[in-house]
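Next come the structures, one after another.
Paired with chain B in one complex and with chain C in the other, chain A is shared by the two complexes that follow.
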Partner chain A sequence: MTDEPSIRLELAARSLAPRGELAGVFVIAGGPPTDTKSIEFSVLWRTSGKGTEDIGVVHYEAWKPDDGTLAALPNPNTFAVVLPPTPWSYNGNLVKIHWLARLRVRWESLGRTREVVKDVEFTLNPAARTSKW
Partner chain B sequence: MPQPDPASPSPNSRIKRLMVVWFVGSLVTGFLGMALAVGAMFAQAPAWIMFVAFFAPATVFNLAYAAIFIPKAVRYAREAARNAPSPESTAAVAAGEGVEAGTTPKPILDDERGDFPTVEVVDTKPGKVLLHSLPRAGIPPGCQLGCVAIFAVLWNSIVSTFVFQAINDWNRGQVQWGGVLFLSPFVLIGLALIAVTLYLLLTVFVSLLVGRVEVEVSDHPIAIGGTSRIQLAQFGVVPLARVKVMLVCTEEATYVAGTSQSTAKRDVESKVISHPDEDPSGGALPLAAEFTVPPDAMHSFTAPNNKINWTIRVTGRVLGLLPFSNDFSVTVSPG
Partner chain C sequence: MNAVRLPQVNPFSTRFVQPGAIPFRFPMPDGLAAITCRLNETSGWGQIIGPHGSGKSTLLASLLPALTAWQVHHIRLNTTHRTLPVHAFEPRAPGSILVIDGFEQLGIFTRWRLKRHCRRHGCGLLVTAHRSMGLPELRRTNVTLDSATELIRDLLPSGGEWVLTDFDIAARLRHHRGSLREVLFELYDRWEK
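So, the complex of A and B:
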């Protein structure tokens, strides 16, 4: 896809403590695509493994052209999100819990909605536990 | 910003249109097949021609439909997903509590949210010796027995009709090996159901002999790395002997397989709290002990389809032979 925007999402740290602050920046190279429908930034945990996927979103922000927020989106955009105390990152047999920052860009191209999603994983663990999990 | 073309149908309506095409096509080709089969019958054609005439129109239609419309349907479905609200925007309503991905969650009220999101604290009752009396985990054996016994009776009643028919045929010397072969797996399932029913019957019998077992702890929820005292008592006719007490962590994953929902469970960590070989009384009740939750353990976790549960597992022997096992729910909190 030639018109796919190039996205960079970077975190200041990949290992965080419960109630810690996740800081980082995202950049959309060359700015958002011409017909952008939405840009969504979220911090979430999700499960993987044998069970159906569950997710929990602790931070969600959206910029859209309809409400004028897209025009005000700084590029690059820095963020700082305070994380909750739980759930901790976990790598079990049937259940795994991952934490990630996610940027989702949706735009219109040739009459169809396109999207690109960028995920960056990090871990949420108390210092005493990181050695095992 | 170009405005969407109002004449252009949405992906969802295009998927609906494809389904209507399939439904109408299947109906028409079904009737056509039936007409051709009837025509072949009146023309006294061989049986295989009637068979081909019946299935050919529907088969040709479905093959053509699959080749032309399925790639379109997949494309429309993907587009519909891209036009739908993102999973993150819907899940944000629940403010960090777990929801099944892609479903609409209930908003979580402030008074419903505990100190630790996704850590559901088990309800305890006031204990007689220690502060908290733990609830029993899982479905009681009596309920399990009831469900399995009803299913076993229904299954075996139906299967036995065919088995008696097969036995009658056998006695008349008309053995239909195809039928016997077809019936065998159903008979095996019936036997397995009887075995499970007998096992559950034994479990219920043992539970009746043992009576009520109470597990109490001094602290609840128990923090990771924290210590709690534990007290076990029995109120039943036959004494439970060689009692072993363990703190067990179990992962639980619910998934959809075909049209049914299943739950897989696996013990991933266990710590012995009291072992009969190390207990001066040889594991007799009442029993008092102290235990510490491992400092590198995972906290209790509850999401709609994925769980990490902690339990106190009590096992023992009745009359020196019959095995007994009960789990009691406990919450392990992060701090």
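So, the complex of A and C:
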């Protein structure tokens, strides 16, 4: 038995041009869990490979019960984030650059903070044509 | 509709194999508790010894969260970062423990100064090194064929077993003198091909 919420994160397009707009929607089935501590949405890139890995967060937004933002969060919630010109997605042998949208829900359960994370990858590529909904 | 080609995730990327991403595999279930207990007995003084890529930093990453009774100051050194930060020589209260990962990167005089500094302030000193640094030995790490095989198989996603075709883990481990890290680097390259 688990009280883990079911979350969905969907993007309107998975291939975007530099300075394009990443649009999408997220939904928490049945609404945020009781004792939700935060719901966080971010857009970030990260590298992976054999060496030291890097990460850059280009958008971060959080909804919390303390400041009243959680109560005002629509469910489903749509978002539109303007992406930076770089870095472009890259699939090299030694290093790769991944772009992703991430939704994280943290909640308190049995005295412990638990979390569920949903990542959806997309590409940032000058050859991409940003599609509409 | 255009097919999106996302960068392929390599299961041997740093993110999946770095210390902390893989828990240290103790041969005994109470291995972590035994080390913590031993460290308390030695007032926070100890060394983890083992060859390159044998799991010293991985053991440290598993051990540090368990040192809840100590105030931990963790410094990581390697071949490209061999100098101590200035705060390493700050006065420390008893109950503190200075953790140096890669202690052998320091010169003999700096190691001596650091030991004296910790002794004077009554704080602990926990180090990892390739050879003995004259501190109480907490554990000697080495990679067995069984543990390496188990770990590699755990890293592989479903359908990724092809990467082990004609790959003799035992031979590669011998070739790299017991360094699992080097074997994982090799598998990273195989995966890319």
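Here is the rule we use: the second predicted complex is superposed on the first by the 126 of 133 C-alpha atoms of A that agree within 3 Å, B and C clash if a C-alpha of one lies under 4 Å from a C-alpha of the other, contacts with A are read in each partner's own complex, and residues count from 1 in each chain.
Methods note: a residue touches a chain if its C-beta (ideal position, glycine included) is under 8 Å from a C-beta of that chain, and two chains touch if they have at least 3 such contacts.
What you see is a predicted model, and the numbers here were worked out from it, not measured in a lab.
Is it chain B or chain C that touches the larger share of residues in chain A?
In the superposed model, B touches more residues of chain A.
Which partner does A:R102 reach: the first (chain B), the second (chain C), both, or neither?
first
In the superposed arrangement, does A:R14 touch chain B (first), chain C (second), both or neither?
The second partner, chain C, only.
Applying the document's definition of touch, where does A:E121 land relative to chain B and chain C: first, second, both, or neither?
In the superposed model, A:E121 contacts chain C only, not chain B.
Mind working out whether A:Y90 is in touch with chain B, chain C, both or neither, as first, second, both or neither?
Touch partners of A:Y90: chain B and chain C.
Per the contact definition in the header, classify A:S42: touching chain B only (first), chain C only (second), both, or neither.
In the superposed model, A:S42 contacts chain B only, not chain C.
Using the touch definition from the top, say if A:A62 reaches chain B (first), chain C (second), both or neither.
first
Answer with first, second, both or neither: which of chain B and chain C does A:G51 touch in the superposed model?
A:G51 sits against chain B and chain C alike.
Could you tell me which stretches of chain A are touched by chain B in one complex and by chain C in the other?
On chain A, the overlap between the chain B and chain C contacts is residues 46, 49-53, 90, 93, 97, 128-129.
In their shared complex, at which residues does chain A touch chain B?
18, 35, 38, 40, 42, 44-47, 49-58, 60, 62, 65, 84-88, 90, 92-95, 97, 102, 104, 106, 108, 111-115, 126, 128-129, 131-133
Over in the complex, which chain C residues touch chain A? Could you list them?
Counting only chain C, the residues touching chain A are 2, 4-10, 13-15, 185, 188-189, 192.
In their shared complex, at which residues does chain A touch chain C?
Where chain A meets chain C, its residues are 14-15, 46, 48-53, 89-91, 93, 96-98, 121-123, 128-129.
Which residues of chain B touch chain A in their complex?
Contact set of chain B toward chain A: 1-2, 5, 8, 79, 82-83, 86-89, 91-92, 94-101, 115-119, 224-225, 251-256, 264-266, 268, 295-296, 298-299, 301, 303-308, 334-335.
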